[in-house]
Amino acid sequence: MKKTAASNQRNVRIIDGIPMLIAAIILVIVLAVIGFAGSNNLRRILIKVFIYCAMGSMWNLMSGYTGMTSLGQQTFIGVAGYTVALFTAKFALPFAVGILAGGVIGGVLALILAVILFRMRGMYFAIATWVIAEAFKTFFTSWGFVNAGGGMTVAGRPDREVIYLMCLVLAVASIVVIYVLLKSKLGLGLTAMRDDADAASSVGVNIFKSKLLCFVICGVFCALGGGLYYLNNVSIYPGSGFAIDWTVSLVFIVIIGGIGTMSGPIVGTIIYIVLDEVLAQLPAGWSNIILGLIAILVILFLPDGIMGTLQKKLHFELLSQKRFSGE
Amino acid sequence: MSFIQNIINGILLGGIYALLGVGMTMMFGIVKLTNLAHGEFIIMGAFASTLLAQALGIDPIITLIITVPCMFLIGMVLQSVLINRVMLQGSEPALLVTFGLSIILQDAMLLLFTADARRANVSYSTTNIQLPGGLYISVLDLVVFVISLVTILILTIFLRRTYMGRAIRATSDDTVAASLMGVSVRRTYGIAMGIAMATAAVAGLGVGMRWTFYPSSGGTYLLIAFGVVVIGGMGSIPGTLVAGLVFGLAQVFGGANYGLLVSYILLIVMLAVRPQGLFSK
Amino acid sequence: MSESILKVEHVQAKYGDFIAVEDATLDVPAGTIVSVIGANGAGKSTLMDTIAGVHKASGGKIIFKGEDISGMPAEKIVLRGLSLVPQGSRCFIRMTVEDNLIMGSFPKSARPMMKDTLDRVYTLFPVLKQKRNDLSGSLSGGQRQMVAIGRALMTNPDCVLFDEISLGLAPTIIKDIYARIKEISSDGMTVVLVEQDTHRAIRTGEISHVMLKGRVVLSGRSRELGEDEIKKAYFGL
């Protein structure tokens, strides 16, 4: 995915700055209020939206901006889910400790895995991330300490409202982190790197450090998301925590929304969750078939995704990484 | 189990592992495509052989007469209609499309065939050939091993001796020069995918004969295939054969619980240290 | 002058926005050797690729044996008897010399003559017969060029385009290969030679076309034009 979305548009109107900030703050306040005033069902759906939005944005940061297509983010999700279960059920610690520990472990794990993964590129990287996730799944399935294939149950689950707020914070934090990251010098370097690795290094961007930072941040956020998801879900199994289905969802969200656009994953998440809720009425199996077909059709006919195509056609850019609109 | 018995079992396992990887290595080497749906293709082959054998009351091996040409055609159509088009957009969209295909196929099989465990039944499934020293060879494993070797041999001869086989190799070396020899690259890609699917049909038969399988089993076999491809070197068929044996032995010596894990770790180490494979220059 | 087998009329070819060939008109009479001369970057190779169908023309017409072949893909053009020896030989390096040559007989029309043409190529380049079971990737540059020429002949062409076959080769080898090309031509084959070396091109080609910055700026019988005039056109003086 070389020339993605609006990255090389000239004359684009960038919707950004103070008005955008005010709109975003109002939106977050409204969402927070819904957390207390809304129905249980709405809360349940929005929790999913927040978690997937955070993870999808992170997957987009990796694939869309740094060219690392990971098919193994479920490694971090599963490990964090198990961390929460272990901390609350085995060690009888508060859930917040479990969530934070999951995030820390996710970051450390990303650092360790980077040593291996950063020796690879492209499809090798993609498959290796998947193999690692499968290795974790296999290991957890036979590891007695985590009850092997029998799975674990989280203890001391807080109220749904608390989880809701934590998920909202996670989603907002992920978008803010990505926004700040991409607006920094490092972010500009990343975009340059995606388009031309040699040019980026000649500009003086340390590619290795930038990629590592992105990979670790993604690891941390996917771990936090995974921890919150399983705190909410209560039970975790190796087959669910480390399931490739996580990656399927993230890929779908980013492809549909528009890879390499900051607003794409947000739009993609909403479409994904709505579709998922609607398709859940159908017998099991149909939902993935339809999602898969939609994704393939989008890749074929709308390779820039919804936001990428809209931005190109209408010459605007929502949440741009560009610093100056005259650029 | 004794050491020698482990080696026998590892080699027999290696044969089918090589067959799992051979279609994938062709796609890698020739079409330069990472086909994440290869595992589902194999499971499609397993279902086709198992169900046909049941319905017609024949030995599963005979079903290859039907499954191999059908899968060849499906592969050709798939490549010509869909993947050739996506490949124009680059390798990542193509990777993601095959990923989407694998999800669709997996759930389509779940809807069609339910989540029940299946197995292709053969009369000799529990027969062993006794060897001196308490060693034995499972007839079933031996049959699958021979089928695998014969398939790989036929494929090798086809690639070496026929015009189409040479055209496929030429295309993998240099698409422009191949087109100057009158080769249609897109058509060659279609044929390569057809052949990859045909080997998946045979591999599926082997999988169905040796193990119980589910619609969701594709991922496991994809990763084994990928491991074989990586260790053998992308696009090298003799390499695939050796890699299959390495992988099979690693898994047998790893034992029942950690066999798969040992294979995965071996694969990750290979990817990190020598991604071009053991047998390429 | 005999009837022309290949006519290139005002062909234009681009890479993205970059115009590599702006306006090229050539006429190749059947059975002759025609030289296309020009400095590096004059658009000679792009023009050859465009004629052979490897690259799509963005304008103009290419007529081969009376048929408009512009826009046709390479694999169809070769079936009509027009073959290109591409720049840098582009052998199939992981295939043996003999497999490379047999690949040339891939067009169905060429297959029945495969054995005979193979013998002819081996007579033309005996060294290839010696090395027939070696991987072409292990050969020297000159030998690879011979493989590429042999492979083109195997397609059973009426006209062969040679794109800078002398590039990077030692003078003695160049001399040898050029002698073989004359031999091929004397069998009735039409030859188009792309060259940077004006002297060699004029000596070999009966007709010369000079390209400069994407245009054919001078065309005529080599002897009538004379080396000085061709050199002037070559440098754009």
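Chains: A, B and C, in written order; residue numbering restarts at 1 for each.
By our rule, contacts are C-beta pairs under 8 Å (C-beta built on N, C-alpha and C of every residue); 3 or more make two chains touch, one makes a residue touch a chain.
Everything numeric here is computed off the predicted structure, so don't read it as measured data.
K.L.:
Could you run down the chains that neighbour chain A and chain B together?
P.N.:
The common neighbours do not exist; no chain touches both.
K.L.:
Which chain is in the middle, if each chain's centre is the mean of its C-alpha atoms?
P.N.:
Centroid comparison flags B as closest.
K.L.:
Taking each chain's centre as the mean of its C-alpha atoms, which one ends up farthest from the centre of chain A?
P.N.:
If we average the C-alpha coordinates per chain, C ends up farthest from chain A.
K.L.:
Between chain A and chain B, tell me the centre distance in angstrom, where each centre is the average of that chain's C-alpha atoms.
P.N.:
33
K.L.:
Which integer distance in Å separates the CA centroid of chain B from that of chain C?
P.N.:
Taking the average C-alpha coordinate of chain B and of chain C, the gap between them is 42 Å.
K.L.:
Once you find the CA centre of chain A and the CA centre of chain C, what distance in Å lies between them?
P.N.:
54
K.L.:
Along chain B, where are the residues that touch chain A in the complex?
P.N.:
34, 36, 82, 85-86, 89-93, 95-97, 99-101, 103-104, 106-108, 110-111, 219-220, 223, 226-227, 230, 257-258, 260-261, 264-265, 267-268, 271-273, 275
K.L.:
What residues of chain C sit close enough to touch chain B in their complex?
P.N.:
Touching chain B: residues 52-54, 73-75, 78-79, 83-84, 86, 90-95, 99, 102-107, 110-111, 151-152, 155 of chain C.
K.L.:
In the complex of these two chains, what residues of chain A are touching chain B?
P.N.:
Residues 1-2, 63, 69, 71, 116-117, 119-120, 122-124, 126-128, 130-132, 134-135, 138-139, 142, 244, 248, 251, 255, 283-286, 288-289, 291-293, 295-296, 299-300, 303.
K.L.:
Provide the residue numbers of chain B that touch chain C in the complex, in ascending order.
P.N.:
163, 166-167, 169-170, 172-174, 176-185
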